[in-house]
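Structure, as structure tokens:
Naming follows writing order (A, B, C and D), and every chain is counted from residue 1.
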């Protein structure tokens, strides 16, 4: 078995009386796409916030690339190669698309001119090449999702955490976005993605983790997870397994 | 170098003023305007570019002023050297306030309040501490020699003030073109997103606070040399905190020339109000308040923003949609 | 054919300089259940906010019971009998269940409050049991019931439910849709804004599909439910 | 030196002063709790109300304790109007703009007062201003005792109003859940203005309670603002109980620290407490964690 890029050991996080994440453990293999699925309120976004350093876990450890990174600040993690996107997109609204991406590119390039140039390249890679000088505030939902992705990629990450980059996109926009994610994985970037769009999960992911009520309740290849019909139906609702299987068929 | 050209042009044009007029009234007005522009540029770096609205820039202004004055009066240190120490002292106060408030994650209104409180603490201390002359104030001895940073005429003062403003413009332009500047603006726009992209928001904000404090302290040092008298209500008074934020907000917050433009507008308004009302106290400042509300309500991007809004923009919400279903 | 209760014509709106709704036309007839389906970000919540007066329309007309309401304040729209139960419930967490309900009848006067409250309790017996409990301590499902109950307190003629099934377990969702039918059976028209396609199409008479700020499809709910191609194309199922 | 003979009067005097602070802070915290804005015009509105109370006595001979019946409703209306027609519309709902607009209002009011009344300091002489009540070893000025009792009454009435009336409940609803309140049919702009009016009425009452023993000039209110801010932060932003307890506490702290450090440095104690509080626990003692 290949060395794991990210190991999560029994992470717990409590908000007041609510146990948002309950001893969640899993591993992420390098160079793969891993999907984290589960119903609303399962604790997926909380888990992302913990991995990316925005929240500190109450219990548990996170080991990335052999080093314990539990409790490290987000910017330190970004420097180590962990990038994230936000479920609710967070553009720098007053800046242009190019300037937005350049903030990410600055991580590796102190020089302003270099960073702006690199931002252009990343923008083309995610399909924003024609909107470079446009204000980020004028982008559509799909455009903002791409911008979110581009900024994260501009930091030259080894691991990206994608928090529902497909949410809010219509089917044709999803069809356009899926190959972009695939391309990023082909560059050798490890991807951990939260996703509700089952079709995309089945097509893209090599490993699926199911999170419910803060716990990992199932884990495996998409086919293995989909086959566990009981688990899926109980937590994702009526017909979810069928959708997963049909999604797998398309992929 | 192209981006610095407007600065050189503006400074060069303004430098000609003493050759056009020798009127002390005009020069005095312009010196005070430049002083406010300088203090405002300090505020603008932190507030306009960084989005951290300080209500207590008097803390830096007053520290610069007092340090310059006290070093001369009490320790006989040369005024030019005192200027440098004054700027450094202002920066030091910036480090203390910045480190405390940013370390604890103060944002928004809380940051405004805490800066205001620090300035007030300094004002109260200055009004009782013996070293500042307490209630009596500090008077710098008249010594009209350039080596003592004192001049017979207003023109040299004017050029020095202009030089300081020019320097601050170059510094801020340099920051605009740098990674530090990009990070600072990113923090203003969205702090969490900036952190996720590897921005050490604490360090960037602290650095901005230090440069901001230094620039505003320079204005304080210059004030001390120009007026040769300080007391707590002048040096640490709320008037300077307000002028320092009013100038960039009126002129165009987060823009290079905003503070200069704004200082010019508010000082001209103040002077013309004084002329109309015959110098009765209060009314000129009431106009400032009115101006502040008007700018916030009607031209949130300042006068500079208002001017550029008159030019057609590329992206606008369609007030009349191009197609309409009947 | 009955006159429409709500008539939306050429509605455009958005935030800042971003246009979200790009010309939306639709109607709801009295006593009807109409569903608006679409993905996250399609503009569903923006639409319900515009109808309720929370977001100003940029262009277009909204008529409720033949009166133009596109310039009316939210409070005035509520007074006319058009009530929205917003996404995320938006109950008052630090107040009791009863206080929450009574605030729903804020525009209706004290005399009708008791009648309305009893009616709500008959629909949601669980709320009656928890009258003096703080709303913030209720479970997610109970909070959703409270939100709907608060809406009913205002005596709606049209009830807009914005994503009521969001965050509820599958079992509770089933229960919720039964409730929606019951409410409708009392003569209240319902505009159901949902992502839960299967069940929404089961309860609704007509459906609209919103994509990128425009309706791409409309028709009888049963017809859309039985057309797998439509579902695949527009709903990604 | 630390005998009860000195400490008890200092404590009682601190409580008396603290009560007025509490009332001013009450107005501020109410506005903060509901509108989520820091009202920088609060102090100058206090000054304006003190002028109103002063002239009610100086010109018409109206006793401040009677004048409150006119001045409080008047300032309620002023506050209502300011929020409804100036602050609300110009701020466009942005935090930063609220700060700047209320700061602008503060500058305008203070300087208009300066323009009209000049910098002169004025006082009134009530026949009973120097009457005292003896409690143990302490002699307490009658106006201060009246003020103390009045503040407790006002705070109780306000609390009952917030708890039991429809408008009070609507205010609480808007404070916690603006969109929910809007969709329940509550006119949020009106409730915001009512809240601002109530906060302003609080300072108007405070002004009438202050004027018998205090002076007025165009900056008289300023001294109270930062103290009120301190109390609000100490007691928890938006907490009525916090303002009351915090106000009394600050009054006592000031009383003791000026006893030991002298009048002018007594204030520093408050500011240092303020800064420490902001830094360490900005949500305050009674506030909810942000």
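Miscellaneous remarks
What we mean here is this: contacts are C-beta pairs under 8 Å (C-beta built on N, C-alpha and C of every residue); 3 or more make two chains touch, one makes a residue touch a chain.
What you see is a predicted model; the values in this text were computed from it and never measured.
Touching chain A and chain D at once are the following chains: B, C. The chains that touch both chain B and chain C are A, D.
Here the chain pair with the top count of touching C-beta pairs is B-D. When chain centres are defined as mean Cα coordinates, D lies farthest from chain A.
Chain B and chain D have Cα centroids lying 32 Å from one another.
Rounded to whole angstrom, the centroid-to-centroid distance between chain C and chain D, based on C-alpha atoms, equals 43 Å.
Counting partner chains per residue, chain B shows two or more touched chains at residues 315. Looking at chain C, one finds that residues 16-18 touch two or more other chains. Annotation for chain A: residues 93, 135, 137-138 touch two or more other chains. Residue ranges on chain D touching chain B, taken from their complex, read 37-38, 86, 89-92, 95-97, 99-101, 103-116, 118-119, 218, 226, 229, 233, 264-265, 267-268, 271-272, 274-275, 278-280, 282. Contact residues on chain B toward chain D in their complex (touch as defined above): 53, 55, 100-101, 104, 106, 108-110, 112-114, 116-118, 120-121, 124-125, 127-128, 242, 245, 249, 277, 280-286, 288-293, 296-298, 300. Every residue of chain B that touches chain A in the complex is listed here, in rising order: 177-179, 181-183, 185-186, 188-190, 192-201, 315. Contacts from chain A toward chain B in the complex involve residues 52, 54, 73-75, 78-79, 83-84, 86, 90-95, 99, 102-104, 106-107, 110-112, 115, 134-135, 137-138, 151-152, 154-155.
On the side of chain D, the complex with chain C involves touching residues 166, 169-170, 172-173, 176-177, 179-189.
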